[in-house]
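Which chain is which? They are A, B, C and D, in the order written, and residues in each are numbered from 1.
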């Protein structure tokens, strides 16, 4: 085992996959400096042909990613902020997502769209979003949301090897998070939830930084309410089985998600729970999400994105 | 062009005729209400796809413009246009498997994708060209777009990126003076789109898009540059669409009917007529050969129609399996 | 009263508002021919300065719409197909949506984004979507989805007068639908649901063309199940009160929506119903939506978008 | 420029100094960890915003570039930069009400919006210019962007649309040879961005962006054209950023440290130094006046800091009311 932090885990996964497979390359704005992964390792090791600093042209970057992917490469496209998915929505949400389907499975587009997501630094409305629902609402894309260094590495390797376009959003607040991970290579399959904490009274479903909010809430409630925290790790594919199993035990559930509440991930999971486990529910599924507003910056941010107290309150509200 | 043999020249003529006949077939079937999707006729545009694609190798990447939904390009590249009608009927033998009723894909022949939003061609083709460059086997990407597509941001970003990275791509702009119902004079501030190439420090040329030989020659030059590693270029082929934007829709400029005289004037330079005249004059085409080619193309079109009508629909149970690749 | 069809209703509303308010103008590709409203009335009456054919430039068209709106105009931006919202996602889903919020309410952006939406003609994946959830997931935009000529006219007039950006999606399959409407001017407030059919056994919530599917299903079930059909008409603002009132009576509900199921409108309404009326529900909220895949074209389309039989089956499934 | 009075010239110098002092204030507070958001210093860029905005009327539209988060532009236009620090602290007295910690808006003075995605400036400003044209009162829109912004599709679409419609807009490109960590030589295929204006058949000029008088003169000309109804133009002002892209971030070119010599070379042409030297040489500026202006600007900066620190945060209960305008 070795200790590694979240961004190192991502960088390590990229390096290992680039080493293993010549068709993998990174493309984006300033990826050589890799501003959000704070590493110059990749450019130094693989050179500018495989770590490609592109012009400030999201349409071209994302479009070229899709094209190169169709033609047999496995590009990793760094969007910088995940929010910038809006700047190439046609290319990502339509072209990448629909490539396989719209062409009868004759050509697919294996690529990864990387973006740093979420709040915590007051960076304001166009730099603090976790645009998950938009991705899920456009089938054909997979969606990975790692909450730990271990997950970040194992899921990235799988994402790169996946034959489909995968959105991989990592979280600003987790960059420095440390964890022991195996020395040896490992992969984590997409669609396999991880029970981050076992409990018996209530199930909390959360991804990315919200997993840590959920764990913190669970800690605060220790002795009073026994909280099970489930981290689906990917939302497409989504491991509903693990969630439903847990609910059959707890009969109560809170979904915590940092995307905007309305038409968000929590509503989808809530509705699926209702469809699959209505008779097991002792209380309506509660959700804690970003408020139905843009994410404000600076001091006002905390009123827009989920806080630990809200998670605690939601848990208490379903455990009446 | 000087190095075209008589056979080459006849072959170009033959391809023009086949393209036209297949286009006419789609137009007729559209008018009979048989096509399940819209159809954007290529009549008037044939020389561009046919001429330019005739210089491509099998493994070169090709991104077709929407005119003819691929027909001029596949015929130009020497492929079979048969799956065209099948696709428009939504049949499993269509070139996109009948899933969309429109899109064309043929991996073996370098056609990897087609999109329904105008302009995507630019950025996706930059990606194919990037792959070509990385492959290092001298492949090029040829991408066809309309004048309207050049008005989109994708055009700018893709041309800039491709030029910075010296990607082997040739952008062939089919300038028919109009995008949907809006004329170029109201949606470009400059006269020749080819001049925009200067912004990207790449060659840009104006070509007579009705002259299949002129198109072929220019394409050959541009493709050579790209293959040599000298980067992208743009060919602006001036042309005209003989039919409405899509079948069954009004044929207007802004909101007033297009000028009959203008249409008539351009039809005098019908690419098939121009080519035929030239080859007859050069004594390469005979009346017999003309009839023979016509007959052959008619036969081929009939075959295509029959094939399409008799083909099965896709099995709907596959839809679920197509959302994600295995 | 006079008989009028759906597109005429939209055109009439535009004409009346352009007459009334000089700041209203139309901008888009080929709006003079108005391909989807099949009318040349507006250009003939108001001329090219107020019915502006723009280049094929969605970013510029939508961006200029937002700019002009901030500066005191009330542009109506015609996107052609509603799907093309992906081609200007930053401009519409961020810039328009967030203008008021991100600038502390000091400058707002009153404008309408018009798009023809939905399936029925086999036009394939990038021309058949009803991108509602994407709009709702980005607060700051309102969303209007008219199902009848009467609603289309009254809601359009209100949308134009609203001080916020409003997405107004009208449906391909409804273009020729006729209805008697008042000769005199009328407006319909946003956020006021209309009960399109009264019933006692089950509540069906639907918008746009799906209202007609719901009504057809109700007719087929006549004598067996009494179906109440509620058309919210706008999803932001959303009249949950009317929906909840109905559920208190019927205790059963089906949401029919033509957007993609996952993270769609139906999940949001379902979740809200669970939150607001859990104890009134005798069955889980059922949803009938477009399948979790792109909308195929031609013959395959019908397997992707909701069909009347599915609505009937869903109603029966909650009325066990 | 010939028609600038001595007072005008001193005023320009004064504005440069105020801009620099306010920028330094933000930089210091960023280094002290007091700012709640990132800060993109304008040091090196001052002459552009100050020079160009000094020719604007109060009701002209202004879209600032991100450098200095508005400071050079508002100072240039004669507005008060006081709300700058407040915004960065997220205070209610910030120029965007402290909601985002970044954006500037001031309806009375023609600032209607600012976006966080590079390039939006182009398309939104086309909209302001469209409004200006419709208003018919001779207003213009001046929009500042970086070289990086020109690489986005928005630039192409907006310039094309504005030129087709002869919209009164002046695009001022602050070309500091670099976007984030990527140098222009790797992300443009041509040397002078101003040459891109040809694609839109509009004037495009290269200006010494370190010379406030040169910028002012070029801006005056371009604004006059726009006011007369002659449509848009582009001014490419060559400049250099003296500090890292944003405070506290590495200062690299691709991934290697920026050349110290290059920075030093450019600093010799510091816009404040250039202006001061010139006016001293012309005997317009005296040592006394220089000191006086320095003092005044220091005072003003102190005031700004105090004002910001003492200002209240917004009341969070308003957030809900801001999502939709009443």
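The rule is simple: a contact is a pair of C-beta atoms (placed from the backbone, for glycine too) under 8 Å apart; a residue touches a chain by one contact, two chains touch by 3 or more.
Since the model is a prediction, treat every value here as computed from it, not as a measurement.
Undergrad: By CA centroid distance, what chain is farthest from subunit D?
TA: B
Undergrad: What is the distance, in whole Å, between the centres of subunit C and subunit D, each centre taken as the mean of its C-alpha atoms?
TA: 41
Undergrad: When the centre of a chain is set as the mean of its C-alpha atoms, what distance in Å lies between subunit A and subunit C?
TA: 30
Undergrad: Approximately how many whole Å separate the CA-defined centres of subunit A and subunit D?
TA: 36
Undergrad: What positions in subunit C touch 2 or more of the other chains?
TA: 54-55, 57-59, 83, 86-87, 90, 94, 101-102, 124-126, 139-140, 292-294, 296
Undergrad: Please set out, as single numbers or ranges, the residues of subunit D touching at least two other chains.
TA: 98-100, 103, 115, 117, 151-154, 157, 160, 164, 186-188, 314, 319, 322-323
Undergrad: Determine the shape of the graph in which chains are vertices and touching pairs are edges (line, ring, star, complete, other).
TA: Topology of the interface graph: complete, with all chain pairs in contact.
Undergrad: Write out the stretch or stretches of subunit D touching subunit C in their complex.
TA: Interface residues on the subunit D side: 61, 96-100, 103, 105-107, 112-115, 117, 120, 122-132, 134, 153-154, 157-158, 160-161, 164, 314, 318-319, 321-326.
Undergrad: Name, in rising order, each residue of subunit A that touches subunit D in their complex.
TA: Those residues of subunit A that touch subunit D are 29-30, 32-33, 35, 40, 43-44, 48, 53-59, 83-84, 86-87, 122-127, 291-294, 296-300, 303-304.
Undergrad: If you look only at subunit B, which of its residues touch subunit C in the complex?
TA: Its residues touching subunit C are 36-38, 88-90, 98-103, 115-119, 148-149, 151-153, 179-182, 186-188, 249-250, 252, 254-255, 313-314, 316, 319-320, 322-323.
Undergrad: Please name which positions on subunit A make contact with subunit B in the complex.
TA: 25, 49, 54-55, 57-73, 90-91, 94-95, 99-108, 110, 139-140, 142, 163-164
Undergrad: Using the touch definition up top, name the residues of subunit B that touch subunit D in the complex.
TA: Residue list for subunit B touching subunit D: 151-157, 160, 163-164, 186-190, 195-196, 198-202.
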